[in-house]
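You will see two complexes here that share subunit A, one where it goes with subunit B and one where it goes with subunit C.
On to the complex of A and B.
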């Protein structure tokens, strides 16, 4: 007789069908254990890419919940589904041709004026961002605040999928950050100086030396390098 | 006096001079405006449908933010914001069932208790007393008319003054040294959002209001609403009838002039430039 550590199994319901899966898996892994393959709706599996936004419900709760499938543990009695993609509207624009002004965001995404401040987007955000607040900031032309509040957005699209006003928050936030970067953030002068130096060939010889060095020499010069304090 | 200040979207964009002059005036007269750190659109246009609570969320959420700040009053400048916030406020104060429903929907906020009152900035000034304003540069020789429009006065329940015969702006302007004349269109609607799809409606209104004011001798029209400002000012370029350009000013701009706060003035966002008139009267430095 051999001792085996018995994994406790939980029941989940995927697209309405019951499965037994081991406890402790993420929603994504639980679904894969049950035989589903993620062709879309999966990416980095580390909570950074935003591809695996999903919707679920817990046992005996009436509320729909949203999460990243790769970051959220499956629980006993959960109702799960695949949400491969959010087919949200995306405005087309040439950033170089845009002018920064108070109405620039609302002119590209006029539906933000339909926001009734219901806050459903904020509740849906797996990154816990103040989504409604950045839409409101966009509406009043406060690009800086919209950019800052949306900074940690992963573009999963759950906000847009839940919005009763059909706003595409994550694309609005992306536009705000682009405008912020192009028109509002101070230009980094040292970067331009360094680029000019590189283009003028200041570092060519040093680069040449490094790429032609043998391994021992390379290790030695690495250990003996000057470390900037 | 300390009071939370709800700006509203327009005050941060096309009505920036309205806000800038008000801030300068407040500082000069000892009103400490505490700008709300977090706010959303007022709801723009109070929804008249009795079962449409979704459109009451925006104003009530703003009142929850005031409650969170620990205050029971909030002031605002834009007539539209004032009207929408206070009408929604009165709706939920008078209908506990609706308030309960909205509180239960906004389950991530503290419940709104109905303890906040929205006061227009004109009311705040009036409470302080127009006579107490430290006027340094009286508006001598300037003849103006106040224009109230709809939103400060209707419906009666939220009116900042007698809804049929308001005097608050005339009293303020008189105490600043201006000559105020009366005319029959001070309560007329400017045409509001018809300006988007039916600008001819607004042009007709604008013409009636401004030509009447002109006939009574007014040299400028004074108001408190960014939408009225746009309609009465910018629609002058689309008029079919002949009308000498009439400058449109926010009451706070004339307040700033009369208190000598010239650095706060900015007239770039007007269609009819008020500067020639103000210079002619010797009111600008």
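On to the complex of A and C.
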């Protein structure tokens, strides 16, 4: 079956410079094939860290596009560059001191009030998140919606690089999620009870027995333990 | 070759067989293996059990230990820097605690060292890539903690030590399992968005080798959610972080205690000397060494730098012969080969099936056993499916999750997975996905105590770089837990340790001695370590490269 694959070469333009690379590689692997060894611009290589934000235009197309280099196939005629860093100020706060109220986010990030609803951030998002909607939710003080809509954000910064209102969306989303996780999501009762038990030494004897048990007895206990379905 | 909804037609024919057996499989189970059966299949099919893949280490305190060639190659290599090139009389950063590595373990260590009284301006995190770039960020499935009434830390202990084939260090498993509920509580206070019901009850799943449902998750971005939250907290309190500046060698003082490190700014090629009363090693694992040629789930910087530096100062190593291959790495399409398909997919009910749609293994064996079963199905029984690029794999029948747990479960709980496959034209809510084991985790590492101390005074370690916690095999959900538990313990105990330390003169004599030891052992090589970054440049480029700039 390997014979059926014939690798076609395509042309990509890395920062304007032409390279021939095999079709089917991701942008990141195409750049490496062309001879780039990344210091910046490569992180998890699996779509989880946002290190490889990339901007590109195709030859003869007016559209300006964004992508993650590790999750996007290189295409013939791509003019591209990575954008591995976006200057962005993060608000510093003590979470304990922020009670969850409607004005918290806008008080720490007042520039979200400058949003002109152009939706460029949403179009720039390589995760296809509804970025403008979570900024609007933040503005309304709807922390839950801002947290939910921003949850899959990788913090690559492409939204902030494109925003005409100078908003740093991904920091806003981070704040919303921490507020939601701390002040709105109900606390786990089991966790508290279990920690109280551990503090009180409820498991100490059983743990002592296990750590000092001879191997045969330990194996027996392991095999005989019941498995929850 | 015609591609239909992401798959070539011959793969579609196999998918039809999977669909045909699905209704009957929805009710079916497969018997779990006995300890004897596990041992047998591991011996026959697990990559770790191939004697020719390893050799005995020739030098140092763990001389004679059997290691994969790729790891031994780095330990039997010349140090990257010549001590005569480094001026130790000029110190660039002076601090109490230097933390090497800006992933999960390093960040947690910084926070807990701070809670234990170390001011942020007396600590420094230095990291090779950006703050947060790490395997911690990529973990998807979850984190274990025995917090439900029907569960207990001793039960978690049994699961972990049995999964590790009873080779784990008991004091470390005890620390891991007893600290777990405290860690989740701390995360809750920091605002981590764990999956809960409307009363706050955690939604917990099974993982391979667990006897209770104790996998806490944040959709399938669990690692990212924890990492970005602790990083946000570190930024709020102002922990200084030096990025793109990996440590390349540890420093000792004239009494043989750890006294800092030499860092290397990869963007300017200059070095920095850091004097520190204690060093916490949080450099992660070795996935990017591509042991036995396997693809990996690991991030770009996972090149075992910490192991190398720790060995240069004489730290003991443990269980490094053992490598974790995650059963479900993507095997198709080519662009994402080796990337992680979270164990949560099986936790939610998806079964592994062969090219004829037959269930051939209990879906939630410990990872090494599950992987060995996949390899046997492909190479021992020839029941795998070959991809257009010649790779073999078995199906993971993802669509059955929605049949079992309700329409929409996959999209809600496995958003990252759905997105990854969708980018390449595959809809895993409708079609199964092809998987094969992938290099995932360094089970062993630098040996530590339950206070996260290594065998060298002043050197602490947390996270994947350390060993002993998981023995010869780690269970799902115990790595996020590991970096939190031992990152925390490293931070607290280093904070305590530095109170009593007044450092003497800085020295790199251990590097000179390491060179001598190499020579005495007859190691002749041009290899140098630590590696810092892998090199994936095209061979047509490398063959014509000149080093003249």
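Here is the rule we go by: the second predicted complex is superposed on the first by the 195 of 229 C-alpha atoms of A that agree within 3 Å, B and C clash if a C-alpha of one lies under 4 Å from a C-alpha of the other, contacts with A are read in each partner's own complex, and residues count from 1 in each chain.
We take it that a contact is a pair of C-beta atoms (placed from the backbone, for glycine too) under 8 Å apart; a residue touches a chain by one contact, two chains touch by 3 or more.
Predicted, not measured: the structure shown is a model, and the values here were computed from it.
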| item | value |
| --- | --- |
| Partner, of subunit C and subunit B, that touches more residues belonging to subunit A | C |
| First (subunit B), second (subunit C), both or neither touched by A:33 | second |
| First, second, both or neither for A:73, with subunit B first and subunit C second | second |
| Touched partner set for A:92, first subunit B, second subunit C, both or neither | second |
| Partner chain in contact with A:200 - subunit B first, subunit C second, else both or neither | neither |
| Touching partner for A:51 - first (subunit B), second (subunit C), both, neither | second |
| Touched partner set for A:221, first subunit B, second subunit C, both or neither | second |
| Residues on subunit A engaged by subunit B in the complex (per definition of touch) | 102-103, 115-119, 122-123, 132-133, 136, 139-142, 164 |
| For the subunit C and subunit A complex, residues of the former touching the latter | 1, 10, 32, 35, 129-130, 132-133, 135, 137-138, 145-150, 152-155, 157-159, 161-162, 166, 170-171, 173-174, 178, 181-182, 184-185, 188-194, 196, 198-202, 206, 211-213, 219, 221, 223-225, 228-229, 232-233, 235-236, 238, 244, 266-267, 297, 299-300, 334-336, 339-340, 386-390, 415-416, 419-420, 423-424, 533, 535-538, 541 |
| Touch list for subunit A against partner subunit C, complex | 1-2, 4-5, 24-26, 29, 32-40, 42-49, 51, 71-73, 90, 92-95, 127-128, 147, 151-152, 154-155, 174, 177-183, 185-195, 198, 203, 206-207, 210-212, 215, 218-219, 221-223, 225-228 |
| Complex contacts: residues of subunit B adjacent to subunit A | 9, 12-14, 38-41, 43, 54-55, 57-58, 61, 105-106, 108 |
